[in-house]
């Protein structure tokens, strides 16, 4: 491990037509660290994730990945250098089977572009996909079309597809949203273990405080586009401001959330 | 390599089918041969549209490339006197592929109705130029002389028929291999979820562009082959929007199921039109239009689904008979 | 100066014609999200039925002005009968399909309508010049113009006003606007979207038929007259913005005037210029000049 | 699996073979009949004014000859002893479709010869295919001289003189009858016929009336455009005294209607090379005082001309179809008569049933009598016919209450057409040497 943080964000600012969606955001994430992001609806969590992965361009500020500036990078280039993400609403290929989904992900993750012209179902790729399916408990769903999967399984597939390229930084947008409560922990156990094994740093947006408490090393609390607390979970979750603005019942109107979220674009 | 290619059932099938077609071609009367040639050539353009359709895009302007291919043949003859099949095809390929590449730079950012309309607009620009320019034949178009093969001028249509079959077979194999490849699977991927493709690190625009250029080149070659088989090019039956509509129609009629479906669909269409025109000259459009509606309502996966249904039914029946012999997993 | 005036007037007349034909197309797109190729069929049916009725009335000794009433009647008849029939029997069952499939279905309908004309009206051209002759001509800008063509401008203005009024000043207009904005919400607040669709389609078909019926006295009404109209009105609708009525107005004016300039000054660019503008608008502003901007996908 | 695949493959072969056999089994022509496809516009804007009258003209004469009821010199029954079996096909849909249709007629329907074609586009595109399929093709109406200039066709004949004759006769009539016009413009369809007509008329005018000035903005709308408001404005704005037009189908009718309401014919002298069909269709709506041609001695121009054949034709046609024969009726009849004359000659020379080669031999260079004048295959190596061309001025016959044409002048073929072996354009540019008027 080096001293350079895998993610370094400085003075990040984003506004939509005069409405501030992110302001003065400064974050460092170290290799292999697991960081939770919490905040009420419209607090700017997803905007932050979208900016880091290149879906949105910040109005001002700096984003560095492993010492290299990636501000305003295109999503596909972000993926290329090792910044991947999953989505609040699973982004998978609905009409394709689980295996095909993973095969496409695996083939695109390969460095050799010429191999893209070879048959998708090559033995080598299928083997790798089988390994991934085994890791993420997807083997039994192998030949099912993604559209027929339950939310939880689809979410797993979504995450599995995001990590096939073995990213150094992974951003998960509400990995447990829409997942039934008895699937939740199993899912998170699987994912966090698998990612720890790979040494991937993880940032994830989460509403469920139990999940946050159990899996993260550090929590960022967002409120009205700003980080109001950045500390380990037991500190953050006891912070009075966090309790008032994030954990309390008050879901204050923020920026129009729909306009900014990938899943709705 | 060859073995692995022919291990693909579709390719093997296409090979067998085209081989049989080329054999019975010697027995067929000329008018059947002609219709088969038109059908096969048009099927080539439909094959390109199939590629686009699988990507979730429908072009209402592929007559542009169809016409460019046909006119490339005619203009090549007019200005250089060349009638050689290889040069004709090369010219069509270069012109259609080249224009497709340039227009693709714009079109690759468009989806849905906008893609359809912009491709329509581009094709109508060419139509507008052709019908009003005397040097380009205006509404008359040009006659196209008989095709020569490296200086040899055959006395029958059969060599051209064989060449068309060979080209269709090559294209079928090529497109099938492409669809099986990782890049080829990006058709469905792009249709299903562009965001995911981008986040997997591949440029959706580029994926669309590549497929567009392939389909343009196929349409161009198709136009060139029709021009050669027919001996005539003109804007109304090669470039007008109705031609694009017809190509899309055959695509839907064929169904997206297989790379051989376009040829089956296009040949069916050609005969449907010939007979409808002969039996009911004032109602052949009605028959064609009615067929289109019928397919949309009752056969949404096209003719191919019909063939596959017959096929699987038989297979199932046989499976029932043979299942006692051993365990055969689904 | 005289040339400029003539070009402007020619362009205006042609634009009026285009507007009347395209406005129905754009309304249907706005409300139902259907690009209706069969609109050309309504146009042709309108032209044929009006020409037929005018010819018949003239033989029966009706006065020439009666033709105007027949134009209105026949376009309403065509619009209601064909519009109802097609929406109820065909389109209604296709709303769940992809938009390209619906376009293709309307293409099939167009082919059917074309041949039905041959079967019903035969192959010979019809002439219904009585209303045009009845109105005579007038000198404008140094040359004579037939008054009938000039009334096209008035009719177009009337159609535009009526559309504006219906959309902005009536209850129906408010319902329509809601449906255009969000079909789901309209259903949720109890709007009978099916009924809205039917009447929108009928109105659009009537406008298409009116375009054909009104133009019929000035042309020879012959098989195939609907074919060129479709792409021209597509161009108009796309340039102005699909679904926008003011857009159709601007689109028609642009295409009309550009075409007039081309015919007068650069005849070989007549068709080219229309579709070049269509392509250019789609490239620069895909939603058209008058529709609210939407983000492109990736 | 494998067995099954080939099983199905064989079925495909079998199906194909069945299709092939059924097709081959279509009835072969009996020895006593000669099957001819008559192609004309049966749908579209050209059907009413040209296609249907042409078809009817052919049908009338074919039936009369089959039945032996024609007057002299065609009183013998049959064509070289054969009965002519006609099938009628549609010319609309564009050149490419015509080529496909032509192949169908010959290869599927098995016709022995093809007769007809109105549009120059059809003729130009069909001629090479006729050669390829070695099928006798007699063209009836189309006018572009390009058909036989630059190409030698063995199987194609044309019984209609080409556009140069129409244009030169038009220019001559203008000089002879209207005196000098200061300037002229034109509105012609943008394809072979319209382009050629204007080009030849323009050159002929320059040679015959050198002081006359051509417009620099002649109009070329698309064929079957239907709306000419803008073009009419353009022509009205110009100061040209005369407007030339070779419009012929529904377009001439639409143009005349749109133009006459705008006072076009009060301001301009108008010469219509091939629009005579509109006179009958429009009746009083067609402006009187218009210079009109019928591209030969056809239609309204010869309506009151004496002659047994012509009177028979007009009466029989009126009796059967209820209207006057139009120019295309004459033109199609002329093609049928050429076939009759050649087949009779071939039969007489060989004493056998005429076949394609013998008919071609007999038709090449043939002189024959048409409905209202004489025709000879003098150009294009004996494949291109020449005949006189008439022009006149439209008027209203109050006595009969029907339109008529007055001040008719007939220009003989050797006055208005180039001698054999010379290209039309060269001949015109050279000032029409050898023209014998």
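Going by the order they are written in, the chains are A, B, C and D; count residues from 1 in each one.
In the analysis below, a residue touches a chain if its C-beta (ideal position, glycine included) is under 8 Å from a C-beta of that chain, and two chains touch if they have at least 3 such contacts.
What you are looking at is a predicted structure, and each value in this text was computed from that prediction instead of being measured.
**Q** Just to be sure I understand the contacts, which chains border both subunit C and subunit A?
**A** B
**Q** Could you leave subunit B out and let me know how the rest splits into touching groups, if at all?
**A** A | C, D
**Q** So what's the Cα centroid distance for subunit B and subunit D, whole Å?
**A** Roughly 38 Å separates the two chain centres.
**Q** Centroid of subunit A to centroid of subunit D, CA atoms only: how many Å?
**A** The separation of the two C-alpha centroids amounts to 76 Å.
**Q** In whole angstrom, what separates the CA-based centres of subunit B and subunit C?
**A** 33
**Q** If a residue has to touch 2 or more other chains to count, which residues of subunit D qualify?
**A** 42-43, 220, 222, in rising order.
**Q** Which residues belonging to subunit A are in contact with no fewer than two other chains?
**A** Residue numbers touching two or more other chains: 265.
**Q** Provide the list of subunit C residues touching at least two other chains, using ranges where the numbers run on.
**A** Residues 118, 123, 267-268, 270-271.
**Q** Run through the chains and report each pair that touches.
**A** After working through each pair, the chains in contact turn out to be A-B, B-C, B-D, C-D.
**Q** Going by the contact rule set out above, which residues of subunit C touch subunit B in the complex?
**A** 35, 37, 90, 93-94, 97, 99-101, 103-105, 107-112, 114-116, 118-119, 123, 227, 230-231, 234-235, 238, 242, 267-276, 278-279, 282-283, 286, 296-298
**Q** Show me the residue ranges of subunit B that touch subunit D in the complex, using the header's touch definition.
**A** 12-13, 16-17, 20-21, 23-24, 27-32, 34, 38, 131-132, 134, 138-141, 143, 145-146, 230-234, 236-238, 274, 277-278, 281-282, 314, 318
**Q** Spell out the residues on subunit D that touch subunit B in their complex, using ranges where they run on.
**A** 4-6, 9, 12-13, 16-17, 19-20, 23-24, 42-43, 90, 93-101, 103-104, 107-108, 120-121, 124-125, 127-129, 132, 190-192, 195, 220, 222-223
**Q** State the interface residues of subunit D toward subunit C in the complex, per the touch definition above.
**A** 42-45, 47-49, 52, 217, 219-222, 224, 226-227, 229-231, 233-234, 236-237, 250-251, 253-254, 257-258, 261-264, 267, 281-282, 285
**Q** Tell me, which parts of subunit B touch subunit C in their complex?
**A** Interface residues on subunit B, with respect to subunit C: 58, 60, 106, 109-114, 116-118, 120-122, 124-125, 127-129, 131-133, 194-195, 198, 204-205, 241-242, 245, 248-249, 252, 282-286, 288-293, 296-297, 300.
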